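Two complexes are shown next, each including chain A; its partner changes from chain B in the first to chain C in the second.
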Partner chain A sequence: MSCLLLRLAAPLQSWGTSSRFTRRNTDRAPSRSGVLGLLAAATGRRRTDPLEELLELRIGVRIEQPGQLERDFQTARSLDGQTSMPLSYRFYLADAVFAVAVYGPDPLLETLTQALRAPAFPLFLGRRSCPPAGVLLHGVHDGDVAQVLADAPWLASKWVQKQHRAPTVTLDTVADCPATEARAELVRDEPISFDPRHRQYAWRSVLKTPVTIPNPMHRSPMPTAAQAGGGHDPMAFFEEPF
Partner chain B sequence: MYFTRCALNPARRGARALLASPHKLHGAVQAAFPPHAASATGQGRVLWRLDQTEHQVQLYLVSPDRPDLTHLIEQAGWPTTTGWDTREYQPVLTRLAAGQMWGFRLKANPVHSGRKTPDAQRSQRFHHVTVAQQTDWLLTRTDKFGFTIPLGENKEPDVAVRGREVVRFERKSATVSLSTVVFEGRLEVVDPDRLRESLTNGIGPAKGYGCGLLTLAPLRRG
Partner chain C sequence: MPRTILDVHIIQSVPPSNINRDDTGSPKTAIYGGRRRARVSSQAWKRATRKAFPAHLDTSELGKRTRQVVEVLATEITRQAPALDGRAAELATEVLTAIGIKTKAARKDGALPESEFLLFLSHRQIESLAELAVTAATEAGSGKVSINKQEAKTRADREHSVDIALFGRMVASATDLNVEAAVQVAHALSVHAVDNEYDYFTAVDDNKENNDDEDAGAGMIGTVEFNSSTLYRYAALDVDALCENLGDATATVRAAEAFTRAFITSMPTGKQNTFANRTLPDAVLLVVRQRQPINLVGAFEEVVADDAEHGRVHTAIGKLAEHARDLHAAFDETPVAAWTFGIGEKKIAPLAELATHTTFEPAVRAVGELLGQRLAATS
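What follows is the complex of A and B.
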């Protein structure tokens, strides 16, 4: 058993778990149903096909770059323009990046890797208008979800890493936990069926834990010429103990 | 030897006249010492440098005798609140030792001499023009001055070239033009005696016009 590491990044993503009617929310991290749906699409499963094999996978998410919440106010009319459809709000995460560890048996991960290289259906991040950007596959790693998410390098964009002027960065991870855990949160995103006629989701409990990892773009401050000059105080020469 | 710092008030007319002309400032600095008195130590010379940043103007002075800057403060300083700060230089200079690392700042006038044309009668001084030439000017002389410039993070000598300017000012009826440059960086002491010599006697030409005064400061991390 090992972990497949994915990087989910796109101009827009949307991961709804509690959306009803005209207000379509997004979570701040990919949902389990969303990721399983992406894998199911890659392997060519149709909506009515059974999901058993995929349901064994365990999934953990690390928020590399939280992104920004965007609201889309959407209007629509019927084809003849006579009837207006209900006004609706759709929420998106703009410019977010997530690391997703998919834990499962090696043969299955191998099939998934192949499928993601040549997906049967187009891949999208939560909503059909949100195709992924950048490198999706980041290899198969030994260890369980928590371990892989604690060891994986920071996958945020270069400019975000540069802007973060510290040697380490603390990121939130979201992973399954036993329902008895005190700080657990309940999310209804355990897919039972994606069948459009009777979609079914079950509850699962997740736990948010922070992990601290090094920032690859951090440069240690050396007393460089510029810095030495910026604070050049000749009078300090007289106070220096040598 | 004495090391002096004196803040000038750029809002005053007297200060502006001095800042506009190294010739006038040279006169003001020389006036800090009585004309007839022989130097007590017989070593070193008067060196000065103006460090101008956005919000403050500092005059640094190295001199064999204790300066009296009252006239400068009256014309161009804050006469009622701020004076000048003079320290004994020799005691700290004696503690310089080989292997020490210091931050440094030096305003210099890098020049080379040669004949303008092959058949010219006399040799004359020419400014070094580019950053590379000016840096090279310093790096080829550091042995003589008693220090080396260690390699920095990018495997290049750890020296930065800051203010490069060509100053023109009137001296009697002639125009003097100087190309000055501010070097900043790290140095490692190799020969303390030679370094003391450079600190008290200055580096390069135009010493009367605010060039050649090397100052050291402790390196701070971060």
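What follows is the complex of A and C.
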């Protein structure tokens, strides 16, 4: 058993676990049902197909870059313009990046890797209008979810890493955990069926844990010209590499 | 099975405008790459695309236009329930009668009855009507089959038109009516940072000028919020899924061409009369792929600077081409084919290195031809 590491990034993503009717919320991190849905789509499962071995996968998310909540106000009319539908609010996470560790048996992870390289259905991050941007697959790594999320390099965008001045960064992780775990939180996010005729979700226990990892863009301050033995160089400050 | 996917990438500048606004009247925006961008929602552009379809498509081309409806339906009934083979023709006639379509004996000996007139049925309608017949036959067992007239009519009326095949349909109350969308449209985002601006306006009351003292002041004052932007627009069409929804390769090619034309040339109508902001794209890149659609928005995570050399369209095209090249190299992605067109040889040059440089119509037709070949090869 090992972990498949994914990077979910896009201008907009949306991961709802409690959306109903005209208010479509997003959580601050990808939901288990959303990630399993993405994997199911990649492998060519239809909404009515059983999820089978996908339900055995353990999933953990690390928030690389939290992004911002964006509210989208939407009106809808019939094509002839005669009937107006109810106004709706859709919430998105703009500019967010997540690392997702998918823990399962190696043959299954191999199948998923192949499927994500050539997905049966086009992939999206929570909503069809949110196609992924950049590199999705980040390899298969030894270890369980907690270990891989503690070891994986920081996958935030370069500009975020540059802005973060400290040598390390502390990121939140949200991972599946046994229901007996004392600090577990319950969310209704365990997909049983995506069949639109009877969508079903069960409760899922998650554990939120921070991890601290190095910031790859951190540079120790350069010795000033004076320290290095030269004269005063007013431009030295600007030469700090980015 | 080889897949066929069509990516559409567009760089398009719009002057001061408010194409798509939120509930406070502000143009929609979103943060990306840490900077606020102009945004036009995918829903807004999809609606504009749908509205543009009639100009690009003769909807009668799509589906089966035939008098041999009994045969077509019977074949489908047998496909769904092979056990009903012997009664399929009788059931098909029952369904057609329920819809109100009269059948008469065929001119050719031994052939199944035909309808009096040519009948146009989409693939999905045929499927759904056959399903109704199968259900009714199963329920009736050995008794007399009765088909609900209202239900049959609804099913026949239900138009799985091209726009539903492309954009899908969600009906929460009747989930059998759902159609999975074949197209994926991203929110259009500006390639540069924007701040919304305000236009303060006064409106003069033409009839008030008679009395200077009493009628001083404007008839109305207000503000309109706007921005001007160079947008990156992206859509991906899953050609295989579209073919499944429409059930016919020729119809799929027509629909794909119509979508491409409509998506490229349409524009949402928000505040159109206030700003007259209707433009055409500066550059278009059409890519046919076989593995997966690729969104190139990453090219603009770092904003195009306001003082970009030769302007932001030029810089945006360069960035788009560079990003596409880098992504393709990193993922061993080889597009099946690509076409590009746009304004100015020089401006479009970076994209012309990745794709065949042509013009609008030849590009769309070349795409259609290739899709046709690929669909013929898979069926």
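Just so it is clear, the second predicted complex is superposed on the first by the 224 of 242 C-alpha atoms of A that agree within 3 Å, B and C clash if a C-alpha of one lies under 4 Å from a C-alpha of the other, contacts with A are read in each partner's own complex, and residues count from 1 in each chain.
Everything that follows uses one rule, which is that a contact is a pair of C-beta atoms (placed from the backbone, for glycine too) under 8 Å apart; a residue touches a chain by one contact, two chains touch by 3 or more.
This is a predicted model, so every value here is computed, not measured.
For chain A, the partner with contacts to more residues, out of chain B and chain C, is C. By the touch criterion stated above, A:Leu12 is placed in contact with chain C alone, chain B being left untouched. Shared-chain residue A:Pro131: touches chain C; no touch with chain B. In the superposition on chain A, A:Pro119 makes contact with chain C only, not with chain B.
Residues of chain A that touch chain B in their complex: 221-229, 231-238, 240, 242.
Residues of chain A that touch chain C in their complex: 10-12, 46-47, 67-68, 70-74, 76, 79, 87, 92, 94-95, 117-124, 128-135, 157, 159-160, 163, 196-197.
Per the touch definition, chain C reaches chain A in the complex via residues 3, 5, 22-23, 28, 30-34, 37, 41-43, 50-51, 163, 170, 175-176, 178, 180-181, 184-187, 189, 234, 236, 238, 241, 290-293, 295-298, 301-302, 327, 330-331.
Put simply, chain B touches chain A in their complex at residues 3, 5, 60, 85, 87, 92, 95, 97, 100, 102-105, 152-153, 158-160, 162, 184-186, 215-222.
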